[in-house]
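These are the structures in question, set out in turn.
Both complexes below contain subunit A, partnered by subunit B and then by subunit C.
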Partner chain A sequence: MIFAFKPVVLWTDALIFALIAAIALFVWYTIRHEHLRAPWRKVMRSTGGMMAATVLSVYVLIGILDTLHYQRALPLEKQTAEMRFAPEVLSVLDALTEPLRLKQERTFSAPFATHAHSKETMQGADGTTRRDYPRLKFGGAHLKNPQTERAADVARGVLQGIALGALIWTLASVILTGIVAAHRKTSFAGTSGALWRGELDVPWRTVLVTLGGLLLVGCSLAVLSGRYHVFGTDKVGQDVLWLTLKSIRTGLVIGTVTTLVMLPFALVLGIMAGYLKGWVDDVIQYVYTTLHSIPSVLLIAAAVLMMQVYMDTRPEIFDSVTRRADFRLLFLCIILGVTSWTSLCRLLRGEALKLRELEYVQAAQAFGVPRWKIMARHILPNVFHIVIITTVLGFSGLVLAEAVLSYVGVGVDPAMNSFGTMINAARLELAREPVVWWPLASAFVFMFLLVLSANLFADAVRDALDPRARAQVARPSFHWRRAGRQAGSGA
Partner chain B sequence: MNAPLLRVEDLRTWIAGNDCDVRAVDGVSLDIQRGETFALLGESGSGKSITALSIMRLLPDAGAIVSGRVMLDGLELTALPERQMRDVRGRRIAMIFQEPGASLNPVMTVGDQVREVLDRHLGVRGEAADRRVLELFEAVGIPDPSRRLGEFPFQLSGGLKQRVMIACALACEPELLVADEPTTALDVTIQAQVLELLREIQLRTGMSMLLITHDLGVVSETAHRVAVMYAGEIVETASREAFFERPAHPYTNKLFASIPGSRSRAERLAVIRGTVPPLTRDFVGCRFADRCDHAWDRCRTTAPSMHRLPDGQTVRCHLYAPECVEMRGRPAAVAQPEAVPAIGAGTLQPSNHPLLETQNLKIHFPIRRGLFKRVVGQVKAVDGVSLAIPAGRTVALVGESGCGKTTVGKGIVQLLPANDGVVRFDGVDLANLDPAALRQRRRDFQIIFQDPFASLNPRMRVSEIVEEGMTALGIGGSPVERGARIDELLAQVGLSPDMRYRYPHEFSGGQRQRIAIARALAVDPRLIVCDEPTSALDVSVQAQILNLLKDLQERLGLAYLFITHNISVVEYLAHEVAVMYLGRIVEYGTTAEVLRAPKHPYTQALLSAVPSIERGTQREVIRLQGDLPSPAAPPPGCHFEPRCPRAMPECKAAYPGESVVSTTQRVRCFLYPQK
Partner chain C sequence: MLRYVIRRILYAIPILIGVNLLTFALFFVVNTPEDMARMQLGVKRVTPEAIENWKRDRGYDKPLMLNSAAAGLAKVTDTVFWNHSARLFLLDFGKAESDGRDIRHQIATRMGPSLAIALPVFLVGMATYITFALLMALFRATYLDLSGVVLCVAAMSISGMFYIIGGQYLVSKLWNLVPISGFAGDLSAWRFMVLPVAVGLIGGFGESSRWYRTIFLEEINRDYVRTARAKGLPEGRVLFHHVLRNALIPILTGAVVAIPTLFLGSLVTESFFGIPGLGSYTIDAINSQDFTVVRSMVFLGSLLYIVGLILTDISYTIVDPRIRFE
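What follows is the complex of A and B.
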């Protein structure tokens, strides 16, 4: 059988690719300009920032894998017929986690469970009925006697995972050390020693330790998830680990694409208001003050519900559920972007107001440089640090906003996995006895890690880019303190 | 000799930098006697402020005293615990800072701020404190003190704020007052008031004063003894008389020679080549050797020690070592003149046809209030200014801050729209031009700004900065030709062409000002408005920029409108002078006329307030009362009338018309027969 497929680019996929291209361009441009590179070098040197960046890049990797969409070819019925593709749109992540996706139980089961969460009426071979916890179809199905064998089996799985993780990690650290050594033009052993003693400018040791921790946990989970539902299953029996992994892309898309939507508004309007002043400033200020005074949840709810009605009445415009969910996600990003540009706009307006009075702007005016050119050449590059700081800080806020909106019911499509829908679904189950805690807990842990590392990274970026943040200087020991102590001890 | 009040011994203060420590103060020793004013003179970065902060132990977090002792009347201050140090600060040593606005708490009334000091150190509260504050305010010459007590800092002018600061400092009758550039942020007439006040208080209370300044004039007016700092060291100490009669150290000599004035008008100003060395490294020889005209081998290998001259003057220079006496007569190595390639025609004959003419120029800023931003008044920044600048000449516009001189400059280069009046360039009324024609005209007049750090975009390379005007005005031909022109311009202002790919932050203040000049020259202007181009620079750097401007004028036949408050620069550079007061020109004439025989009482007061370093010419300072009135509500009649020592009844009634004193000199004052 030939494995044929057709790549599918959804709307949000296209935007994510555009964003990756933009970031690549930005990195390329930054590397060629010393004054732009210097602050990023400072980010690279901060331990917390690099740790957060490592965690973030794992999230981003999962998100990108989940962004590469395709449709599988259907088996050919006749040799002459043209290729037909399954209506189901899958991603590379789906393919990698296919066992997780397909091993669906009937309903709830706890993490590492071998039996269902609630009793069911079962018919024995002898025709008698009894109520008991049924064995799961997939979770621990290979065990003969779960009660006695499970602990040892899990331990074996963990050991295998650790071994696998250690192997990958050793490989990764050798490659990294090799690259660093080539870059520094020193011997491999020397670089390795310097790296582990923490003598390098960039805290690669921190990166490797973080990566090691992530690999050990990740590989153990990977090994065990083949045999158990490590995070349990949800109401319809889907593996919670898989749901969580799928939610990552949604969070990332909301966090980044919204920024993409918001930036043009904030940049253009903010700089125009600050630089041109007069009636332009008045109009823009009135617009954002008005927009800011409407509760954004109401605005978003109204827009999403209108969209919902529109899509429900015209089912023919989307050929698959995935496309439909994707369109709704995009729409949510747009509406979030439209409501969230005001604060950055206000910041940029203030900064532009300050910059326009600076003498280099006036010198350009004295040359008769056109206004748009002054805004592009003199104002924009000098407010860019604010843009970067705000967008990186805003990312985590947007991820949380998605969770809140989905919880309220105006978030992403119910067919789309997201932290918000997971939390919303888990809400009712918390009242069950015994309590179903695992969907909420895993959504919480994954989202918490994402937001925390995004915040830590944003902090490092702000420290490096904000000109007002003072450089941390090594504090020399104070002479008078020493002298004072000596005097004190002498007395 | 009595024991000194303050003795600093071998003080070393380091500031932690990003890469290595900066040895801001590196072995400073000084004695301050009781009742004496000790001036610490130095250019920016010489470590004089850090010395003062070390004495007060108010160093920034990154700084620390590494070694040395500071003895206040036998009490070792560096070893004192912080708790006890707080009792010394304010009680025994008080400090006043450069920026009076930043040193006062904006949300406390000025009375409360003085009361706080009294409460903290003397435990004086209640009515006794009120009485003492009133007494202090009277002592520092604050008019109407009982009303001022309840006012907030923003309600006071700069001069009054500095007086409040002085009242705070004097509240506990300290033994030592550390004044860190106390008058640098003030206008000359206000500076004269404050210096006079400090002198008076010192006579009355007998306190000592450590005066930190970069201004030789201020030193000459107030100090008893002087120490010159260079690169973290004291290079010379002397009594004031000896210092001004026989400056010993080559650096001090150069400083004197680089001050512009009428005596040096014909010649180029002396410049100190190179820059202050970075203080991050160890020095082997003399720190000044690389910039010194007298240096020889010994200077580069051995650090000089302090040599005492017969009259008590001390100098850190090998020239005064007994074994090197023969080197003293040797002629100084001639400083290399800056290579400036000759471009364009020779000296242009100044013509009488004005290149630029303003007639009754008015620029008002509306004051808007309320919800609908209704205009409730006008700040009359420029209120009827008529000027004429002939081609190839320099007209200086002199006045105190807030008089509207910068606004005139911006109005002339069409950065601000005029409310009324005409600006004519080469006979063309600029206000009537349509935007496209105005853009074409812009190449003829350019502007150079005061702050070299704000006038260059930090995100652009030098070549982009210089090129901007050429591309905007569509001149300079192809990119290759423009590149060649940029190299030429950089050479013209004394920078090397390989600096074109650098960013502004890599340059010093003087170099940045050169880049700004190159940017203005790029479009071949015929008039350059220079808005205080040297006031942010040190004297030695100022000399370089002034030389450059003069050279360029001779070579390219440029006309300058030179806006400044520095009279000595005017004397050196200007052909004609216009004196501005509150939006109007009160006196106009040639430099010699206005500076030698001023007619307007304001010009007379302004000139008398300028501290002079020439001791022979002892002159009477005309003290002006109060401050510049607000241009939003100018006094009726003559604007200067409320402060004028020679005011007459008719001055209150109307603004005086123009009186012609000579063919070139005109003045607006009722003392002279009206037209």
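What follows is the complex of A and C.
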């Protein structure tokens, strides 16, 4: 057996699976309740929100592929020997991008370069030494004469990528139109026409256009990355595109697992403080005011430093680099959660204070419903929109925070790929002559797209779920046409 | 009023005690002084004597909270907690572990440079963001407003570190206008301050402007604004005379809480620009694992934040006559 493997579930993997299960449960519950579906239908109708959701789902897909970890089996030495596994923990994404991971140059090279970024002393065939830019081991290695052939080769790669992307896109749009047509119980052609005229409730046209753009760029990059280092290589010669792809999971984990970790505390304590009042309220308020008054970056720094001491003095617990880095990531999520649950807790307390005076809660009290049951059945569902809004709004902030914390030195493990470690490693290279700009540019583009789409999606969710925002009239969200129409009619 | 202020200050004391106990637990209980000594001296090949010496030099060899060997008051005072944590209340921070310098003196001298960057960013920032938000509110629901919001969202989606790196690269390296980093004690410091302040302004632009715009729009939908329009007041007068004044209440009182923490400076900005303020002091302490300095900064940061909260409450009562104390 060549493809034997053993699945590995790291701590953060387990939490991501738990998160996916929780989201699935939430979706299942929401679909069965009309009053819960209504705001999400509104999210589906917002152009900006759907555009952002399309981009986000690509990131999530990459993140999930990078979450399925396994260990490869070592080749068997004897038939009777028991199966042994390589110590290296890989992910499905690693397997898919294996060429990128293994094609390591010696040091910096520019995007699409065929020669290294700096001169080296080389020995000629006749024994003379000269200083020149050496050819790369992998980047453009198939070209005989790079100067003349490269432009045509890159153009050919782009064309192939576009063809591939167009093919996948056509397939995807046919499937999507088919599903929508089946849902609307209309003909395929009619649905297609309505879709492209933008007459459907859900802006599927935007989704398809966004998806098309992503597919064209993505496929071109995929085709070209087999022949070149499309985003160049870093100091130790690793492909920057691969580093960036690996950073996505870290960002997503920080943005989501943090919320997952802090949510139970914020929910239980916030609702208890607001509903029970009295000394419980005093104690909980005291705890969150105390935690909140410590500047969060300092609390994180203090906690991470302490954890570092703990890990360094007990090296036997953390046997491999991957596990060590994963534990540190989990710890970072927990400590970020500890610093960020306070604001959600305060919001929930305020809302629970309001809700406990409402008639339906008083009726439940009069019927003798136990207090915990009132909190679970009557208060919790009615504060849940706040939880969703805070979660979605907080995501982008957490992704940005990771970069800063990694720069400060209290972020993820230096061995773990993340946007923060990329920026940190690359910022000094701007001082080089000629300048090394590609690691920064790559981290910038991928991070900007992730955070921007998270922000846009969060806006759409907040607009749909926040009852107060509904009352507001002048609120041009990212619906280009509606805003224009309002302006035109002078409203 | 005075009674209210005194009560507010008394409320702050238990919170500071809580912060103190929490940092004490984090720095001395979760990891014992023994662990820290090993960390500082190197994990491998360290003799027990060396660890004992390290602990004795810093006074970490005493019992944590209760010294049963001592008599009388010394039971409490001759402990790690009393000597290292309780003293923070007197702003006696002790000496740094790495270089043995007096932390209080360091803080006093480094506050100036921190403030020199943070204060202009705060003041100019408030003015700029409020103006921009007001313009967006004036042109609300038009393409101008929409592009303003798009600009804000795009600006807040970029990590602040890119603004710093981009600013240093463009302004200092390519255009050679101001030095890349550094600071000066005299008036020529402005050359070093221009870029950090500008970067700080751009970095806060998106989030703040959008937030202020929301506040303005909420205010615009109030009844008194409709009354003012019904009276036939021109839109400009409604906006600048009625809306601006009332919207400034939440904006300004919301900003008060940040004023004391301006002393702390910004970690990332100061370290990128090499400004000898409290932010870079903290980063240096984190990198050299100087726990005493980090602990002092945690306490100082909480203290300043709580002062900010008290100032916020007081400012509410001053600007909004509807709020009563008792």
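Everything below uses one rule, namely that the second predicted complex is superposed on the first by the 468 of 491 C-alpha atoms of A that agree within 3 Å, B and C clash if a C-alpha of one lies under 4 Å from a C-alpha of the other, contacts with A are read in each partner's own complex, and residues count from 1 in each chain.
Here, contacts are C-beta pairs under 8 Å (C-beta built on N, C-alpha and C of every residue); 3 or more make two chains touch, one makes a residue touch a chain.
Note that the coordinates shown come from a computational prediction; the quantities given were computed from them, not determined experimentally.
Colleague: Using the touch definition from the top, say if A:Ile423 reaches subunit B (first), subunit C (second), both or neither.
Modeller: After superposing on A, A:Ile423 lies in contact with subunit C but is clear of subunit B.
Colleague: Is A:Ala366 in contact with subunit B, with subunit C, with both, or with neither (first, second, both, neither)?
Modeller: A:Ala366 contacts subunit B only, not subunit C.
Colleague: Between subunit B and subunit C, whom does A:Leu358 touch in the aligned arrangement: first, second, both, or neither?
Modeller: So A:Leu358 only meets subunit B here.
Colleague: Could you figure out whether subunit B or subunit C reaches more residues of subunit A?
Modeller: Touching more residues of subunit A than the other partner does is C.
Colleague: A:Ala301 in the overlay: touching subunit B, subunit C, both, or neither? Say first, second, both or neither.
Modeller: After superposition on chain A, A:Ala301 lies in contact with subunit C alone.
Colleague: Go through the superposed model and pick first if A:Ala376 touches only subunit B, second if only subunit C, both, or neither.
Modeller: A:Ala376 sits against neither subunit B nor subunit C.
Colleague: Based on the superposed arrangement, let me know which partner A:Ala182 touches: subunit B (first), subunit C (second), both, or neither?
Modeller: neither
Colleague: Should A:Ser396 be classified as contacting the first partner (subunit B), the second (subunit C), both, or neither?
Modeller: Second partner only, subunit C.
Colleague: Enumerate the residues of subunit A that count as touching subunit B in its complex and touching subunit C in the other.
Modeller: Residues 471, 473-476, 478, 480, 483-484, 487 of subunit A touch both subunit B and subunit C.
Colleague: Residue numbers of subunit A touching subunit B in their complex, please.
Modeller: Touching subunit B: residues 34-35, 358-360, 362-370, 373, 377-378, 381-382, 471, 473-480, 483-484, 487-488 of subunit A.
Colleague: Mind listing the subunit A positions that touch subunit C in their complex?
Modeller: Interface residues on the subunit A side: 286-287, 289-291, 293-295, 297-299, 301-303, 305-306, 308-310, 312-313, 315, 396, 400, 403-404, 407-410, 419, 423, 427, 430-431, 435, 440, 444, 447-448, 451-452, 455-456, 459, 471-476, 478, 480, 483-484, 486-487, 491.
Colleague: Touching subunit A in the complex: which residues of subunit C?
Modeller: For this pair, the touching residues of subunit C are 14-15, 18-19, 22-23, 26-27, 30-31, 35-36, 38-39, 43, 140-143, 145-146, 149-150, 153-154, 156-162, 165, 168-169, 173, 217-218, 220-221, 261, 264, 267-268, 271, 282-283, 286-287, 289, 291, 294-295, 297-298, 301-302, 305-306, 309.
Colleague: Can you list the residues on subunit B that touch subunit A in the complex?
Modeller: Contact set of subunit B toward subunit A: 14, 16-18, 21, 57, 61-62, 64-67, 78-81, 410, 413-415, 438-439, 442, 445-447, 449-451, 454-460, 465, 468-469, 472-473, 503, 505, 516, 519-520, 523.
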